[in-house]
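Look at the two complexes coming up: subunit A is in both, with subunit B in one and subunit C in the other.
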Partner chain A sequence: MTPTVTPASTDVSPDTPAFNRSRQAREAEVMLDHLVDDFSENPVAMQYFYDLFRKVYIQGEQVQRTTGPQVGMTCIQAPEELIYAVGATPIRLCNGSYHYDQIGADFMPAKSCSLVKATLGRLHDQEKGVPRIGKLDMIVNPSTCDQKKKAGVMMEDMGYPVHDLEFPNVKESEASRVYWQRSVRDFAVRLQQLTGKKITRKKLNAAMARTRRAQIAFRALHNLRRKAPSLVLGKDIFLVTNAYFFDDLERWTVATEALVEELKQRDADGFNAAQKKAPRILFTGSPPIFPNLKLPLLIEEAGGVVVADETCSANRMLYDMPVVDEWMVNHMIDSLADHYLKPCTCPIFTRNDDRRRRLIDLARDFNADGVVYQAFSGCQVYEMEQRSVAKTLNDVGIPMLYIETDYSPDDMGQLTTRIEAFLESIKARKRQARAKGVSA
Partner chain B sequence: MNYFVGIDIGSTAIKVALVNQDSQLVGVHVTDSGSLFHKNAKAALQTLLDKHSLQREQVKYLIATGYGRKLFKEADDSISEITANAIGAHETGKAHGGVRTIINIGGQDSKAIQIDDQGTVTNFAMNDKCAAGTGRFLDVAAANLDIDLEQLGEYHFNGTGAPLTINSTCTVFAESEIIGLLANGHGKEEIVAGIHYSIAKRTLRLVKRVGIEDRIYFDGGPALNKGLVAALQDELQRELVVPEHPQTTTAFGAAILARGEWLADQSADGDGRERLDSRRGLSAEKGAQVVVVAAPKKLTADCD
Partner chain C sequence: MAAMSEFGGQPTSRIRRAVNNVDLQSFRFWFQLTAFVLFVYGGYLAIDLGNNLPMFSCGYNREGRAGVCYLLPLQHQLARPWEQLFSAAGIAVLTGFGLFFLWFIVLNKGWCGFMCPLGTLQDWLTSLRKRTGIRYSLYGEKPFNALSWVKFVLLALMILIPLGIGGGWFSHDMGVPFCQICPGRVVLPLFTGDTTQLTVDFSSIGGMVLTGLGMFITGMFLIGSFIKKRFFCFFCPMSALHYLVAKPALLKLKKDGETCTKCGNCFNVCDMEIRAIADDIVKKDAMTDDCTLCLKCVAACPEPGTLKVEFARFNIFESTEEGFLKRMNKGAGCDAHCDTRKH
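Coming up: the complex of A and B.
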């Protein structure tokens, strides 16, 4: 073997800010470097997102967004169209940093969900917390899971104005539908009070057109992932959808559209983003949020490719679009409410057959070989649905790997072993199936 | 003659297995991992080769597995220890009518693996972050009781009273429990049996997650402990297949796979079927002899 010469690192600029050495920034930097440097031929259009995360999470720059009141969301169940319609800007507060998870443990039991703890930990330091978003004029806290409900009260204790958006825990009944519609109308009223602007048909229509354009871009991206061979890796898609949490809506949409165009070109060129026989993985469960993208990263480093997901940090957030029957303001708000209730497959619902159906549909449409199910330790509802989901999938011949984890990086060695074994078993299964096909 | 090596670099021990072209196990070597994984792994390989007067060049393919697999750059390939364990147990288990469930207790983790009749992994479970009830637990417990690890099995059967209850499998909490029991004048024998039952109960929960199907194969270093084997059989209410060298099943599996990979490379233009079979460690002709290694005479525990 000829010795390879590694040039001394030259990319450290002398004016790297001192901020860079903070624990949170180091964590983000390690993850981003893995996501970018461990893979070759990243899409050119991904550079926008890599730069965005570098600026916001590592250099700690203020997020550049249109001015106006800012409404923080602790969950995707708050209708962001209403927030845009009153001239305010939504920002999703769900945080993925282990550093903030540890700070959050001062407020919640250590065994509770990493995501909720990290979100609280981030809000604990409003001024210097990353992403830096400036003043929050209001936080809307949908009463979805128990931990988020209680976290909302703690946010109020920290001095944030919090609006509890009452959310039903059953979605099939008419009673809960009406209850939720009223809850969303109350939220609209509260938003109008916040900015002093009335929600009119025109304004809501314009707001819905803006989010619709973003959703169309996401859908195009999502559907391109059906292609085999794969045009793009899942770790990049999670970065794109994570950026939606805090990025300017139009800038995000333009960058996503550019990525879609590049992937279409890749398709025309017969490009393959993964190995030819890379097992195709459908990702479900607790949402990967930067910098905690360890599971998608490990899957793709081990030679798999995440082709689709059923999580509230990506697909569930952007896929379904509101359908309006009557373009009157009240009807529009009701349609929005329906859109936020009916397609939701969050495990907080009493019955959640939709989630199992959706997983089977996704596995079929995206030709997935297996499912990886992530549950954050302490998220009881995801932990509990694990068995029924596994059974449903196994019944139709789809293997599932269940992984209970949190934001701490110390189980990465063990997770690697489990993921590799899962991918190896998928490959062996496929070899067997092929051999059977040959001998038949 | 061509030889193939599987090297299992675990958290506690390094295991090397050498097979020949007919899939026969030629020899094994086990040594402590120590802190210099890489150096010790190389030395272990050399020791095994020396023992059989072989040159490194005669080893045509080497597959690394275990926690240190990525660090061993001399390997031609690496594979997860779950797959390697499945292949090794499948091969070894043929002499016992085939195994479908594997229980592996290692130095720092425990696994339950379900395989099909081809030896393909269909399901598996591993202990999560916590290393409770693994080999390290036995280590610490033996130290607390001031007896050798190898004596645990003996103590298990020498008790006159019923096994004591050790409620915790957490190494730290169990340690204080053991000290408390000793202070109360309980016999070491009953404590040892209690420790074994506490590990067995925890292992049972793990195996239940993947499903229990006969026959059950038990390997990993702690399978050398007859007392633990007996406790596990009691809890499972089934007989276990314990190989003669339980520590090296995974390394053997990696060696079998190494042979398969090499054969596949040799007949790269062969058809898919041939490749598949060679990968699985079977020779292309049907009914070819499959030599089972280290097969115990009985189905019950038969360790030395």
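Coming up: the complex of A and C.
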């Protein structure tokens, strides 16, 4: 930590402590130190991301991004390609800080989701909120879960211009698809008004090429996690995808591509990033967002390895890719709309067949030994889906650990015990299976 | 675990990888062009593939045709007097159908997506529209569901009317009823300079009604397929006939529902607006009654092996991440500068 690269430290006055001594920064620093220092042999390419989080979350530096209007998103279901196409830059506002969670608690009822509270808490801090990107010109708030829906008006009351992006809560019907396509087109119009630039075929094509390159990098990373032994730990992948929330798109892509190259080299060298026989864990449920990487961290500190995830802060955000049949603006926008609705496995939808199928597919494909399901206390939709998901996984013989938690660090001790017991039981199952296999 | 390709999934040989990376759009364009030239002009080279072809190689294109659409002889045969039809002549009907079936099972509905001159013509009209920058129209879900029986009714009429003629109920003016209303009869001979079909037959009332309807349908065909991809195929009785006998066909479109993320890409690109290709995760055989086996869905699927084309159970083309990305970048016009990943 050198003071010269900390703009925040230049405006230190006697009565305001330096940013890096704030509660937000302390919390981030403790987490980042664990993520980095508790593990040996972190990939060299991860240094970019460690530095990024250190600068942004601990030193409170402004994120270096392209200028132009800044559009905040409260959910990944807003088509970011449209935002890029009008010359604006998106930032995902979903926040993982316990400090902000406590500030945001003033806005929401006692039993509500940490993520929504933290997002409100961060926005309450206006331009000082971390990650710092300067003034937000607009917030797009997809009408997904109830808590996010109601948070939109609170953001408006804080002085932000909010666009409610109408999102259907049923996704199977053609009516919902058409409704959503219309809603996305309205969003495109609103964006054009914001920047005064028209979405042309060329601009949208260029925007889609940029996000496609990022998705390709993510997919390559995702595919490399199939390998056994594991080439990389899940805590690092969550940092990478969390960086996508706010980082410059090209810089992020280049850094991720570098990580992919390094992992390929690791593969060629027969490297093992986890312990031998480390239980392979599929992570699902409420999204881990830095600094709340508590659960992935605990899993991997206890000797497991998170090999894949089904969360909106990682896989669901970057995995699926749109297709375009005819490269004309209207069709491209409709294709994007489909892409942001059809494969989505968010629990706000009426049915969750797709989510359950996706979990089984990921578990098989990535050879996962067990699933860890995180539900933030107060996130009713994830809490309500727990039963059906547990049953589905149980039916195919995949053990699942359900953890209801929030951003508070208080339960870490208790969680460690539960996770260790879960990993132990997986190891015991595998030993038994091997013994049976030998005797048979 | 065996060595996996860079994009994950199964180990791949070089040939297999090249096939799965195929630029389907241009492959289909050249394949269809070749087939079009063969079936519309092959007759000049004395090519004759018989009278039982399972697609619209129109028999009215007398000079250029390289074979005849099975619907023409079928309607002729069925219009024979019943005493003939239900005795020796019945054998001719059965052998005719047998030959049609043998042609058909090789390619299944691939005849529609790759061979049929009338299908190709519609694809060309689509290309023309794309060049003009006009957006396509869709039936939408409700009309789609409401109209999917039409082709079966046309097929039934196409069989019943000739039988009725043979039974003496209808006049011979109504012979080959489907051909008389088929746009292929009017349009395809034009390609060899034969304009004789571009008329309404006023010699009889039945003929006048049917050929008049034929002219109207031809107009609809040209306008319809300009604004709606594969407009006519949705009503095609040949397509209905195909579907009824498709079970033992060798070329198959297979779907692995377990790995499907239901992203809807396949449905998005489907010329025929077949929702089931995306939504049905149970059926392994993904070909529906409206499918033309154009294989665009396979090319648009980013999930390894979720959609597959098999010939006699041998996998010949399947969806891969790499192939999907190659085609997307190509379509976006940026295969050179968009994709910076190093191979």
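The criterion applied here is as follows: the second predicted complex is superposed on the first by the 423 of 440 C-alpha atoms of A that agree within 3 Å, B and C clash if a C-alpha of one lies under 4 Å from a C-alpha of the other, contacts with A are read in each partner's own complex, and residues count from 1 in each chain.
As a convention for this text, a residue touches a chain if its C-beta (ideal position, glycine included) is under 8 Å from a C-beta of that chain, and two chains touch if they have at least 3 such contacts.
Keep in mind it's a predicted model, so treat the numbers as computed, not measured.
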One more residue to check, A:212. First (subunit B), second (subunit C), both or neither?
second
Could you tell me if A:404 is touching subunit B, subunit C, both of them or neither one (first, second, both, neither)?
first
If we overlay the two complexes on their shared chain A, which of subunit B and subunit C does A:342 touch? Say first, second, both or neither.
second
Of the partners subunit B and subunit C, which touch A:431 in the superposed model: first, second, both, neither?
first
Identify the partner contact of A:111: answer first if only subunit B is touched, second if only subunit C is, both if each is, neither if none is.
neither
Name the chain, either subunit B or subunit C, that contacts more residues of subunit A.
C
First (subunit B), second (subunit C), both or neither: which does A:391 touch?
neither
Considering only touches as defined above, state whether A:413 meets subunit B (first), subunit C (second), both or neither.
first
First (subunit B), second (subunit C), both or neither touched by A:351:
neither
Just to be sure I read the superposition right, which of the two partners does A:23 touch: subunit B = first, subunit C = second, or both, or neither?
neither
Residue numbers of subunit B touching subunit A in their complex, please.
67, 79-83, 109, 118, 120-124, 126, 128-129, 271-273, 276, 279
Which positions of subunit A touch subunit C when the two form their complex?
172, 174, 205, 208-209, 212-213, 216-217, 219-220, 222-223, 226, 228, 257, 261, 264, 319-328, 330-331, 335, 338-339, 342-343, 354, 357-358, 360-361, 365
In the complex with subunit B, residue positions of subunit A that touch it
399, 404, 410-411, 413-414, 417-418, 420-421, 424-425, 428-429, 431-432, 434-435, 438-439
Subunit C contacts subunit A in the complex at 1, 4, 6-8, 130, 133, 135-136, 140-141, 257-265, 268-269, 275, 278-279, 281, 296, 300, 302, 321, 324-325, 328-329, 331-334, 338-342
